[in-house]
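Report on one structure; see the data block that follows.
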Amino acid sequence: TLQHLFKQVFKASLELMGEDEQKTLLVSRKKHPENTVVNVKDTLIGDGVQKLIAGPCSVESEEQVLTVAKALKERGISLLRGGAFKPRTSPYDFQGLGLEGLKILKKAGDQYDMAVISEIVSPNDIETALDYVDVIQIGARNMHNFELLKEVGMTDKPVLLKRGLSATISEFIHAAEYVLSRGNTNLMLCERGIRTYETATRNTLDISAIPILKQETHLPVLADVTHSTGRRDLLLPAAKAALAIGADAVMAEVHPDPAVALSDSAQQMDIAEFNEFVTTLRESNLLKDVAAKASI
Amino acid sequence: TLQHLFKQVFKASLELMGEDEQKTLLVSRKKHPENTVVNVKDTLIGDGVQKLIAGPCSVESEEQVLTVAKALKERGISLLRGGAFKPRTSPYDFQGLGLEGLKILKKAGDQYDMAVISEIVSPNDIETALDYVDVIQIGARNMHNFELLKEVGMTDKPVLLKRGLSATISEFIHAAEYVLSRGNTNLMLCERGIRTYETATRNTLDISAIPILKQETHLPVLADVTHSTGRRDLLLPAAKAALAIGADAVMAEVHPDPAVALSDSAQQMDIAEFNEFVTTLRESNLLKDVAAKASI
Amino acid sequence: TLQHLFKQVFKASLELMGEDEQKTLLVSRKKHPENTVVNVKDTLIGDGVQKLIAGPCSVESEEQVLTVAKALKERGISLLRGGAFKPRTSPYDFQGLGLEGLKILKKAGDQYDMAVISEIVSPNDIETALDYVDVIQIGARNMHNFELLKEVGMTDKPVLLKRGLSATISEFIHAAEYVLSRGNTNLMLCERGIRTYETATRNTLDISAIPILKQETHLPVLADVTHSTGRRDLLLPAAKAALAIGADAVMAEVHPDPAVALSDSAQQMDIAEFNEFVTTLRESNLLKDVAAKASI
Amino acid sequence: TLQHLFKQVFKASLELMGEDEQKTLLVSRKKHPENTVVNVKDTLIGDGVQKLIAGPCSVESEEQVLTVAKALKERGISLLRGGAFKPRTSPYDFQGLGLEGLKILKKAGDQYDMAVISEIVSPNDIETALDYVDVIQIGARNMHNFELLKEVGMTDKPVLLKRGLSATISEFIHAAEYVLSRGNTNLMLCERGIRTYETATRNTLDISAIPILKQETHLPVLADVTHSTGRRDLLLPAAKAALAIGADAVMAEVHPDPAVALSDSAQQMDIAEFNEFVTTLRESNLLKDVAAKASI
């Protein structure tokens, strides 16, 4: 029938157009079939060995950061995260230590030979950040801040781009393209939960986004289990799912004393909990990282 | 300060009320700490050994169902699903074979000694269904059909209750309570994806719902990877995540020739794909089912 | 270019298919360009004169219902709603008076010469309902209960169909088609808010759905301002918006003493508030109903 | 009972905390009960006389902008919008004329004595913008770009802040607080639709947000009917609803030739359509603006 014919033409043209666009995007796996591996101070992300990234939500003091860094190092983890510039819903919430926070992170990174990751929220702070951090994080609230994406795209610093609060996967991919289109290919994507009607969790971890992003792009894909769930009791199960589905790294928040944390106290692990988290993941054989055998 | 005092009282009273209500629900783990294990024709669900459930979206013919049943049996899988009454968005779409479909399922179940699972959509069909199926499925569109829930609650047949299209976890738990409140404790819950703004997948698999439901209730929790993703290429990764996070069973659709299926052709595996799906899950050590060692 | 050519063919075939399907639906305005006017006990809905529908969430007693009916009658309102069968999230919440409630409604309808509207939740209650109510309401939780839709489709009783909790407009239209496909054309559609991430309101009133449903179908379209907002302080503004955008009727809940209501106490108006609601709508010239001049 | 007592304490403490916070916010009506009226080049917004704001999605040429400006002026409309810096999903889409676009807008504003509104996306462009525009717009994608909010907060230029793609009303209010907390009280809020699962419209116009924002804050509240619906055929009905519910102004997009527009061609009106839009709103008595009598 005529209708059937049209349907066939329709499908063919749709696929053609889709393929066409995917080919032109620099982030697309069609353009670049091999996995991109990002080298972060000699730790490789996207090389097939899954990594853990951990650290406090906010940098609060040198002592706090060094305590966490030491704990990570003892478990063979070399990627330390911590927030110095905090985008907060209210202007009256703790906004982070700023440059002071970056200095503390750098000190910890130097002392324990770890790579440090921290969010930058203004184009004007990027040049400064280059001296202090090993990975610039672009947070969920800034995924659509294209001016910021263009700026980090003009550096060669590794970038960790989080999915926006309610960004589609397609929008996320195009945000990534903003970075690559300016020349910086050291980009990692991070699923961190999306906003839905469900209130049992802070956000809804869109676990399927991980294999989709791996298929559609050649970039490493991470899972932030802390912000996606917002619940300490779900960090371990969510990490298991993310590792099983193929995330290149899992990110979680650790604080020496979560009860007094200046932000997100309900969702950070303390150091004992973190140690158990690492041990359980390694024993389950879900996390097959470098240190797995050495330090369960 | 007064405000601080109020906050403490507020938290205390909130927790008290929450605990109080959870205790009164029959589905609550607080009421009944041990796992409920549902016996489906001698296959146990919820006993710690993860299961696969598979079969065609719709029962279309005896040959179709027997072909699939045989393929499952050869892999040591004894839970066969198939739709006889199909709730479809349009009244002009294929509505299923009805009673004829149930008879075909029963024949397959008898021939291969498998348990059969099929959706019932009207209270008036439940009595008939008791003679033909081993598990009555209540579909997502009927999770809020409380009359149907009450009816199956008055039988002692195992029930598989799917989460509604946009039901909260709390609503899902209360829907389950409708069944238990009428006396039937042979209930299994099934996460099947929720409706969100994301269109890359048919629904968004709410993977975190699985551990939450395991914590909050004592019932077995399943994951339907077919309807949650709606994409054949995501069935395997989604199954890995669901098994890793602790689902008691994974449900997926298999059809001898998906291209000509009368419903959901884009998301069903053919038999070769299904065999690979099973092999990969068993080899990955994620699915540790009874047949794992025997029949990789 | 080839791509451009494909795009044109794609658009053409897409439109053709869309038009094709819309033509075949009985609810479609393409199939039936004139407005359907539903006659409810001599009150016309969809005739260009906007109506108010009001009454308590649940029928609780004869006195309660007669009090409200009298108040409506005094303002020239002849459409009384009230719930006798209540689909409630928890099996332990008040489930309605059932048949007793229908009898109370009928008595009020007879005494004040008003049409009564009440929800039916089971196919088995429809025959009984035919004797007691003038309009059968199918609630949001049952919009996807196709067995129920088929049953009311086989009567000639006016039906008020509410949009499902998270139904798309397309799904809503197809649910309506279930009713018309069985022969009953006395159907009214009711937008009642959709489930979104926003928690400031109980649901999000999808105001744009009203003109879309008016364009796509020939059926009367109503707005339920109570369930969409869930807030007494928003009933009046929401009603203004619904009337301005072209709703054929607005439905709101009124209770003689909302504080002691057995359901939804936070969102019902008391009788004084309702009188002010009616007066304000009539004075604003937004509600141009029959009684407008007579009884401001 | 004890439980009842706790519930009462709980409610009381909840209200107390809520009130407490609302009092401290500078945007809160509890802090500042009178309406804020923003003076935009002698046109007042928030003074009880509803306004229209119109103009092309993107500034494309001087001729284009002057054509639209002339058409608005003839209808007594003195608020012209146009995008010079365009945040686009893809880096390869038209990104706007930048400073050149601002110059064109200023020329149109000078020639026709109109106020011009344009979006700024980088903190670094704000100082330049002060010389060219009468209102700085912060777009939906930047509602969470707190660095940008702080920067415009340090000027005294009127600011039009759009609600984020999936921002809650509470987050929107706190984003507004970022601006006021830095000293700038010339702020207007704009509801522009939220992201939901519904695909019949580009976004879902959250009409209830308008009265909520009017209640919670003292700021003028606008409705963008173009981006909320994304459909030319819904601009008029959506504008009627927004005006009826109390929006201080309605914003819509007009282009001399939408079919060739460099962005958003499907949702802009041409000049004849716009004239009919204005006439219909004025004749309906829904838009009671200054020019209403003079120029229907």
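All chains are identified by letter, namely A, B, C and D, in their written order; residue positions are counted from 1 within each chain.
To be clear about the criterion, contacts are C-beta pairs under 8 Å (C-beta built on N, C-alpha and C of every residue); 3 or more make two chains touch, one makes a residue touch a chain.
Here the structure is a predicted model, which is why all the values come from computation and not from measurement.
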item	value
Homomeric contact chain C-chain D: same or different residue positions, threshold half	same
Chain whose mean Cα position lies farthest from chain C	A
Distance from chain B to chain A - Cα centre to Cα centre, in angstrom	32
Rounded Å distance, chain A centre to chain C centre (Cα mean)	46
Shared interface positions of chain A, touching two or more other chains	166, 170, 195-197, 199
Interface residues, chain B side, partner chain A - complex	166, 168-170, 194, 196-201, 204-212, 215, 228-229, 233-234, 237-238, 240-246, 284-286
Residues of chain A that touch chain C when the two form their complex	3, 6-7, 9-10, 12-14, 16-17, 20, 166, 195-197, 199
Complex contacts: residues of chain A adjacent to chain D	24, 87-92, 121-124, 141-142, 144-147, 150, 164-166, 170-171, 174, 177-178, 181, 195
